[in-house]
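Below you'll find the structures, each written out as structure tokens.
Two complexes follow with chain A in common, the first pairing it with chain B and the second with chain C.
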Partner chain A sequence: MSDTAQQPPTAPRADVIHDIGYRHYEGPRLGRSYATRSLYTLSLRGSFGLGRSVKSKILPMALLAVICLPALIIVAVTVYTKLSKYPDTASYPNYLSIMQFVIAVFVAAQAPVALSRDLRFMTLPLYFSRPLTSRDYVQAKFGAMASAVFVLTGLPMLIMWIGSMLASMDFGYNLEHFGYGLVAAAFYSLLYAGIGLVISSVTPRRGFGVAAIIAVLLISEAVAGIIYAVLDVHGHSSGAGWALVISPSSLVATTVDWLFGLSGRGNIHVPSDLGGFVFLAEILLVAAASYGLLVRRYRKI
Partner chain B sequence: MNMTVARLTVRGLLGRRRGLLLLAVPALLLVLSVVIRAAVGQDESTTVNILGTLALGTLVPLLGLIAGTGAIGPEIDDGSIIYLLAKPLPRWKIIITKLVVAIGCTVVFAAVPTYLAGVILFGNFENLALAYGIGALIAGVAYSSIFLLFGVITRHAVVVGLMYSLLWESIVGNFVSGAKTLSVQQWALSVARKIADPGVVSSSVHLPTAVPLLIVVTLGATAFAAVRLSRLTLASEE
Partner chain C sequence: MSVIITDNLTKRFPRVTALDRLTVDVQPGVVGLVGANGAGKSTLIKILLGLAPATEGTARVLGLDVATEGGAIRERVGYMPEHDCLPPDVSATEFVVHMARMSGLPASAARERTADTLRHVGLYEERYRPIGGYSTGMKQRVKLAQALVHDPQLVLLDEPTNGLDPVGRDDMLGLIRRVHAEFGISVLVTSHLLGELERTCDHVVVIDGGKLLRSSSTADFTQATQVLAVEVTDRQSDPSFDADQALLERLGADGLTAKADGGRVLLVEIKGDETYDLIRDAVADLGVGLVRMEQRRHHISEVFSYDQAEAEAEESAHV
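What follows is the complex of A and B.
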């Protein structure tokens, strides 16, 4: 090996790939975008266990059921008691903020499925030997995870909206709030998918990824709750809202309430109009930053 | 107890910076306690709030989850447990050793920091810090054994354990008060209530119910884990 390297550059190159007579591929080459799309579809299906074994369907499907069932019950109760609209505490965006722990568990369980196994079984070099670049890989995986969370959060919204039409409630009001719910769902999917994927891109072991994601989400939630309560009790109720910057779920819930002037749940709301802008910017920044971190993480593989 | 298994388990749990990452959790609790003590001074309701919701409600289950499932889960996951099972060592000894390591982790990373946070926030008055420290210790033991069992029987141990501690103990417990009878957190709180001065800590389970349940659940989960480990089938990656 060393003596070939010392050959003068004018000598004919010795490293030739010989054509040993296999038949060539002459079909269409579908290219990068096709590969990215395929990876996106595969990952999106994979995060619900579709196309995988029955055992890996159990968990995501159970979580999907857990987030949809209460919505069905709310629809049923509202129809049965002939209410003219859903109760405020559980209508579209508020419903998601009550059920946010399901979103957290889903992300913790499925984000490592999307990334960690590719790291552990060394399948990444296989991906990158195709036209796919590392940026395409990140794009497909981020898109798939965010879409999966959006399906998870959007489905109960859709159930409530369809239920409202079946019960012939006020169409305009429900359409408007269905829209708010979808905006909240989009925020949840961007924020949670970003956090989950960044953490699981660091570890090749699924178990540690799950534990780390859930630890980050739960602890930030609990710490924000404590700081909020302490500030609120001791008379800084205007400043207390700033404690929510470290809690992903309250961040989304309060920002959506502020954007659309909703009453929200209880007295938890953005500290001020400035706070609203900051919260909104933070959601978008965290999502963008986690995408950037992922691109950086996969650049050197 | 087998020292080699214990050493390997500790290394699996805490090796390669994982110990430092785990240390961040109690460090956060202590820093928060110092900040809050400096900001609002000595306050009973704040202390009960922090120790109850953050320490006993979040950190202890979380550490129990990480230590209990982490002691055996990754080994079963990547199949390297067969090298351990192939040794002439009774399976129950492996379980006991891993349980001891997991409990040790929850003591170091959850129970002691809970006690220290209590001392920082409220001093030694009304036995509050001690009560929550002992409560965290007991909850840590029970959680470790339950989650070790989950680690043996399912590949989604962390998620199943999480659904128990989030869904059952928090959400269902808030709506159906009967669910609290079967909550490790409430059992630990009932012990804490006994230790602290009357009327400081509240729990929805009485001590005569809690203690037998704690013992039965801890021993039962450990025994069942040993039985399941003795007929373990290794599944391939899904």
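What follows is the complex of A and C.
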């Protein structure tokens, strides 16, 4: 019936609709892993507004510009003043802790985009009536968000590293610290994406998700800073470090400093070696727990 | 080959039994699944898609076991949910392409199939506009398109006529008919209105409270129950003339089975298209006015009143 309808395509004009009947699809069906990869790619592009409306490109692209611009300036100034290396306080991992609010705003703005649309418009049953499982969905979304944060944090450091080579700075030193920076970027990606997505997954309202993520990421930062300062002033400088367990960005910064023996920024550092292990474990645990919570959250849909 | 087979399928939730030893055998074609809200239709669809485990019993879709081969079933089956499921800020094309890729179609095939499918469900230039601006009828078409885009062997349509006006309803039912007749795809369509399904489906399954009430081909249904409701005015010139009685006698003479409904409505059994002509001619010859002549819509409640049928169905469900 439908086979007889197969006619050779005859360069149809745009304003003519040929009724060639229903044609069955005989091509490949690439299955679950392909669908998961597609969802990952589309979500990653979506985090930067690519493939979406102009309006949804503005914020992520602006944030990408904001986080890269100072890096360009640092490169320019360093090259112009003929310094042999970047200033310690603003190089690779330290650069990210200075810019941590940009990462927080990016996650707050984009994590709800990744999840709450599907919740709000009840699109999820359409995904799960296909080979894709809820676990695949979480995997794709978590992977995409973490990758987006990694791109955001990795790009300015890549600029600095390329700048260092163009200015013929010490190759080994810059490669080493670029590496440390990438480890920090990976930590930021896992931790921030996890926290952001878990919060987004409980609310179909995007605005609420944005506010909640901002609150958790930035207020915890402020509270940790205050507790740290108070304890430090009162002479408990070793104990003060423990206040950082509730601050995601300090957690990443101090753990990376401790792991690679860096001087860090100011006098903020892990309370002790034990503290270093605890901080590292906390980062990995929070990331894993977020993933687990997401899998649980989506299992029942 | 049977498209769907369930055997003593039971689904119990902590406080309610959604499906109670349901045994049905659905052949290829358009099959209606009728039941009041809460009769267990959506639960059945979830189990058939392999998304929820059955408490007891087994079910096979396209020969695949729902308990162990859910993934393979979902590759070959399309699903159109009852509720809204479309993001308003993307176009129908973008959305259906995305859903095609989620079904495992390569990007270029997804675009090609999307263009084809949207055309088949009757969406043309508007498919490039954001879905938010669509009418309910157009949205239902997009929902149908995403269920068809990967060329499934079976589609499960949950209340596809919900929220549509009478014209939209007829369009959707016609489209569903075409899905089987022209596309060669079997259809399981749910509704709480028996009347609209018996015109569209080859076979109707009625469930209530998770139990099978009746499963028969639509021919059986229509044979027993397809009637026309006819109402006429009295003769203006002669108020004493009993128009109803005269029409009854005349239709009887024409070989039609007619009876009074108690009120002013006559129920005439439909023998075929010529029945309409006979009634028209009879009314004209008697010189009375025709107030209405309509096919009586059957409601699910009528099926419930067939106590005998219910008892029989109960028995067959246990076999």
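Convention: the second predicted complex is superposed on the first by the 276 of 301 C-alpha atoms of A that agree within 3 Å, B and C clash if a C-alpha of one lies under 4 Å from a C-alpha of the other, contacts with A are read in each partner's own complex, and residues count from 1 in each chain.
In this text, a residue touches a chain if its C-beta (ideal position, glycine included) is under 8 Å from a C-beta of that chain, and two chains touch if they have at least 3 such contacts.
These figures come from a predicted structure and were not determined experimentally.
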By the touch definition at the top of the document, which applies to A:Val105: first (chain B), second (chain C), both, or neither? first
Which partner chains sit in contact with A:Ser53 here, chain B, chain C, both or neither? Use first/second/both/neither. both
A:Tyr25 contacts which: chain B (first), chain C (second), both, neither? second
Partner chain in contact with A:Arg117 - chain B first, chain C second, else both or neither: both
Counting only touches as set out at the top, which of chain B and chain C does A:Ile214 meet: first, second, both, neither? first
Just to be sure I read the superposition right, which of the two partners does A:Arg206 touch: chain B = first, chain C = second, or both, or neither? first
Mind working out whether A:Tyr34 is in touch with chain B, chain C, both or neither, as first, second, both or neither? second
Look at A:Tyr127 in the shared chain and tell me whether it touches chain B only, chain C only, both, or neither; answer first, second, both or neither. second
Chain A residues touched by both chain B and chain C? 53, 117, 121
The chain A residues in contact with chain B across the complex are 52-53, 55-56, 59, 66, 101, 105, 108-109, 117, 121, 205-208, 210-212, 214-215, 218-219, 222-223, 225-227, 229-230, 233-234
Can you list the residues on chain B that touch chain A in the complex? 18, 21, 25, 28, 32, 36, 39-40, 45-46, 49-50, 53-54, 57-59, 62, 65-66, 69-70, 73-74, 77-78, 155-159, 162-163, 166-167, 170-171, 235, 237-238
Where on chain C does chain A make contact in their complex? 49, 51, 71, 74-75, 77-79, 81, 83-89, 98-99, 101-107, 109, 113, 116, 119-120, 124, 146, 150-151, 182-184
Touching chain C in the complex, chain A uses residues 1-2, 17, 21-25, 27-32, 34-35, 38-39, 42, 53, 117, 121-123, 125-133
